[in-house]
Amino acid sequence: MDLNTLLTPAVLFFCLGLTAQSLGSDLKLPTDLTKSLTIYLLISIGLHGGKELAHTQLTSALPAISVAILLGMTMPLLAYWLIRLSSKMDQFNAIAIATHYGSVSAGTFLTALAFLEMHNVYFEPYPIIMMAIMDTPAILICLIMVFWMRAQSEQKEINATQGLQTIVREAFTNGSILLLLGGLLIGYVSNDKSMINVQPFFDQLFYGILCVFLLAMGMEAGKKLNDFKKVGVYLVFFGIAMPILGGFIGVILGASVLHFSIGGATLVGVLAASASYIVVPPVMRMAVPEANPSIYLTLSLGVTFPFNVLAGIPLYYYMAKIAV
Amino acid sequence: MKHVKRVEIIVEALEKETIINLLKAHHLEHYTLYKHVAGNGERGMREDQVFGEKFENVAIVLACSEEVIAEMIESIRPVLKKYGGICLVSDAQWVIH
Amino acid sequence: MDLNTLLTPAVLFFCLGLTAQSLGSDLKLPTDLTKSLTIYLLISIGLHGGKELAHTQLTSALPAISVAILLGMTMPLLAYWLIRLSSKMDQFNAIAIATHYGSVSAGTFLTALAFLEMHNVYFEPYPIIMMAIMDTPAILICLIMVFWMRAQSEQKEINATQGLQTIVREAFTNGSILLLLGGLLIGYVSNDKSMINVQPFFDQLFYGILCVFLLAMGMEAGKKLNDFKKVGVYLVFFGIAMPILGGFIGVILGASVLHFSIGGATLVGVLAASASYIVVPPVMRMAVPEANPSIYLTLSLGVTFPFNVLAGIPLYYYMAKIAV
Amino acid sequence: MKHVKRVEIIVEALEKETIINLLKAHHLEHYTLYKHVAGNGERGMREDQVFGEKFENVAIVLACSEEVIAEMIESIRPVLKKYGGICLVSDAQWVIH
Amino acid sequence: MKHVKRVEIIVEALEKETIINLLKAHHLEHYTLYKHVAGNGERGMREDQVFGEKFENVAIVLACSEEVIAEMIESIRPVLKKYGGICLVSDAQWVIH
Amino acid sequence: MDLNTLLTPAVLFFCLGLTAQSLGSDLKLPTDLTKSLTIYLLISIGLHGGKELAHTQLTSALPAISVAILLGMTMPLLAYWLIRLSSKMDQFNAIAIATHYGSVSAGTFLTALAFLEMHNVYFEPYPIIMMAIMDTPAILICLIMVFWMRAQSEQKEINATQGLQTIVREAFTNGSILLLLGGLLIGYVSNDKSMINVQPFFDQLFYGILCVFLLAMGMEAGKKLNDFKKVGVYLVFFGIAMPILGGFIGVILGASVLHFSIGGATLVGVLAASASYIVVPPVMRMAVPEANPSIYLTLSLGVTFPFNVLAGIPLYYYMAKIAV
């Protein structure tokens, strides 16, 4: 696997965004454009997964779903334990950061899909469902942890219960998750004939649009790079070590428990390794107002995301090749 | 023209609903909302993020009579304390129509 | 015609939007995205119609144009008469609502096109021209009615004449109508060779983009559903009965007067049945400031539009099958 | 610094031109316009609609001398009356440059 | 509540950084920024152009104590002079939280 | 070459935009849409050029690059000299206007590409690199001129040196230039296989998206038409004469010095003839605050751009046919 095959246009556009930002360029993508691209990608990936699922038996997805729930609940606990053990960070910031690692970054997942397709590697459709599921258990675990922390410190919240309801609802009805699940369902129930009409838009444009999306992500990651000093050397290290550990666990689970192919195991690795920057940050902002958003945004968007796009994905693929 | 107070509340967009509900509780149902407001304060820079406008500020401006102000302010003060933001009150004349 | 063929991806995306809204999800499509999709759809449909027209004789469009003007002028009068007869609604709100039923909803029309294509039903190109024409007569009738109402009640307006000019110009130079007519003209005059270059964008992406548009429309309709209590049970009933009546009239005219095929007659039914929510509302806001926008927006966007998308279109198709 | 009046007019975006023309008629050609303003008043909620920004509000702020105000206000009052909106007048110091 | 001055600076978006840096130099690091502001002044109409938001205005609002104002104003005056814009100062009460 | 072949859909959409604006229509494309289209077009053209370059020897681009630098530096001087000689315009406004003619309008260039493709005319890939280069020398020449003018008039600037740095950096890291160069580079290094994935988006949609872009440009140009009286008859004349002169010089250089084909020479003509309205105006606003933006924006967007789109491009093509 030489360098040339790693540098897909998608990854190169990510680098272009990073470069533009670090040169201090005035390049700016309209916020609404990036939001629209995200919406497109979530729907597309959902439709694609749904169409694949329509050709399988639904019960065959149960093991994958169980693993997703398991990963979503244990990764945050693992991350929390590691942070608290190895640094002096306070409880609230630690749990806010940790929750991100239980959930999934759609951008990383899509880049991994592009990577696999480019290398003609087959993968199972189940990881797409796993992706839609993982955020919720991660957020629930976080809420329980925070509840327990507050009980201990005898802190009181404004409208504590009302707040909890809002947050739980947010976790279940989050826009991104709805788009993904909605797409899955529509792809699943629509017959092939009617899907052909929408394929030029949702299938053929996918990789081109992913390039523009990664350009935007590169710029966002570049902005966060400047905040490195704020989070400190240790957290930067954590933001790289954690996905490697997560990727390893994911690949092992994918290969041994789920009996996935190399491609499928790679994707489970990516699910476990990546940290959400769309769904989780606003939920943390509501659920853990004590934590500093610039720390968790910098870690997930400025450290873990670039690491995964540039080095993590090929690494998990390499791991999967050995494990399967 | 009627003498009123012009209240300008700047809070994170996420708190918009909370503030508006608190205002409603004091029968202050009429307000104006300025969107796309950024700012810098003790809690650092707040600006539109690519992912979700939830990290932006909004400004709520309302014209109301002097009497209701004190009480209303007490009810929003804890929100400002917890999540940040400012509230400025000034004198104004309201063109009655 | 079983349920499965009714649930095209387009209709399913509409349902997804409705669901997201009623679950209280934070899903939000950028306003500029929805506006851009509308622009795209209007141009595409114009180009498509123009290309079709280029292969026919222009004079053959005259009967269709006459029927369009007739429908545009009589539907509002019929609707006004029905509202006033059967409820205690005041003149101004009644005429503002009625005008919407004289004009056409592009979203409904496009969904009908997708429905026909999906069932491989042929249709004539003329309904596209009719669509571009119908708004103007409806608005003119409304202006005349309002003028007469005001004269009766001896009300005076600020800058009455200047205001009238503004409104008439608005009706003729409305952005949506210009895009539709402009597209028609460009499709008509461009030779086939130069159209091939733009087809991947304007033709092949059409149904995919329609899905995203209907997702947005579903969310808008969902927002209005909460306003149902404001408009009252009677008006909800009216918002369903009126399109059925209109669809019936349209199908009959399409089949008997215009001698259209089943597909064409269905489309004339849709033209008559649907109520504008793009062009007419802002014109009404200017022309009839006495009327309450939330009533007419709720009716056209929250009642008639969903009814047409989910049940009306197959119904008019069914009527057309019998009538032709 | 010069003592002036700060006038803040909040009206539906549709009325923007009307108001600006009325201001012009009183030789008040300089103004600042805040876009993307929502609000709630007697005429219900006004906010950006997917179809057309015409249902939004705008805020027009102008600094002007005390003398011209009374007359200008009389001219915009009927618009506020008919289509809704508010007009707040307050004291300010203008940094002359 | 604390008595403060409400300073409202309207300048071209291009000058945003310059002004914020000048404020910083006077230890006025906290401010609120209203985006998407258009306006008309001696230098003609300023509005969002399709190509670059750089021709738009922004409004910077800050609450600060009376003492620091005079000096700060002297430092931004040359920018207002050169590139246009206005600065309005008014009295306000700040809800301390 | 009859009228019909001049009226490509792209040009017709430009006319539609002009018409909508002059009818006072309320048609409005969201600003973010136009910005997004610009971003798309710049990336697409870069990728396309890069892929072409990958099949040539890099050193073979040197003559083209030299001519680009030469044109970028001499066109503004020529324009400045002409304005000062023939009118009473002050130094600062004159140099601000002149700089625009040293740089390039991407919209004009793209319309020219569409024109050549439509007529099946071959062109070399080098003009795309030239386009990415020309802005910078033009801006540098302008800065030197302004520096010298200020030295003469003994004017002092706020933070003169800091300002200069900002402007030079702006010229080199301008977003549009980065997108173009980044696209070029990515197209150059990516292997053909990985490019195939992104082609449906970046290649096939190109001409359709160009149409919507030109619709927006037509509306912008239309807005500026109203400002004609502000700039005066003489400047309108200049805004037409200057591109003709520039186009002539460009075609001659393309044909004789660079030995390009008819298509390539046409494009060099377009590069020399067109005036930037994306990159240069904001730089001028910073570098020459003494000049009035509405004059140079009106000239480049309201006079030279429409002239080039409607008449200039075929004219330079005609010149190239004779010269080559």
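All chains are identified by letter, namely A, B, C, D, E and F, in their written order; residue positions are counted from 1 within each chain.
Note that in this section contacts are C-beta pairs under 8 Å (C-beta built on N, C-alpha and C of every residue); 3 or more make two chains touch, one makes a residue touch a chain.
Here the structure is a predicted model, which means the values were calculated and not measured.
Chemist: Angle of the rotation mapping chain B onto its copy chain E, from a C-alpha fit, rounded to a multiple of 5 degrees, please.
Modeler: To bring chain B onto chain E, one rotates by 120 degrees.
Chemist: Tell me which chain's centre, taken as the mean of its C-alpha atoms, is farthest from chain C.
Modeler: E
Chemist: Among the chains here, which has the CA centroid at the largest distance from chain B's centroid?
Modeler: It is F.
Chemist: Would you mind working out whether chain A and chain C touch using mostly the same residue numbers, over half shared, or mostly different ones?
Modeler: Chain A and chain C contact each other through largely non-matching residue numbers.
Chemist: Nearest whole angstrom, what separates the Cα centre of chain B from the Cα centre of chain C?
Modeler: Here chain B and chain C have centroids separated by 40 Å.
Chemist: Based only on mean CA positions, could you tell me how far chain D sits from chain E in angstrom?
Modeler: Computed from C-alpha means, the inter-chain centre distance equals 20 Å.
Chemist: Two or more other chains in contact with one residue: find those residues in chain A.
Modeler: Those would be 30-32, 35, 200, 205.
Chemist: By the touch rule stated above, which residues of chain B touch at least two different other chains?
Modeler: In chain B, the residues touching two or more other chains are 34, 36, 78, 90-91.
Chemist: Would you mind writing out the residues of chain E in touch with chain F in their complex?
Modeler: Of all residues in chain E, those touching chain F are 14, 44, 48-52, 54-55, 78-79, 82-83.
Chemist: For chain C, which residues are in contact with chain A within the complex?
Modeler: 4, 7-9, 12-13, 16, 19-20, 23-33, 114, 117-118, 200, 204-205, 207-209, 211-212, 215
Chemist: Could you please specify the touching residues of chain E with respect to chain D in the complex?
Modeler: Per the touch definition, chain E meets chain D at residues 8, 10, 34, 36-42, 57, 59, 73, 76-78, 80-81, 86-91.
Chemist: Residues of chain F touching chain E in their complex?
Modeler: 31, 34-35, 38, 158, 216, 220, 277-278, 281-282, 285-286, 289, 292-294, 297
Chemist: Flag every residue of chain C that touches chain F in the complex, lowest number first.
Modeler: 30-32, 35-36, 39-40, 43, 47, 169-170, 173-175, 178-179, 182, 185-186, 189-191, 193-195, 197-202, 205
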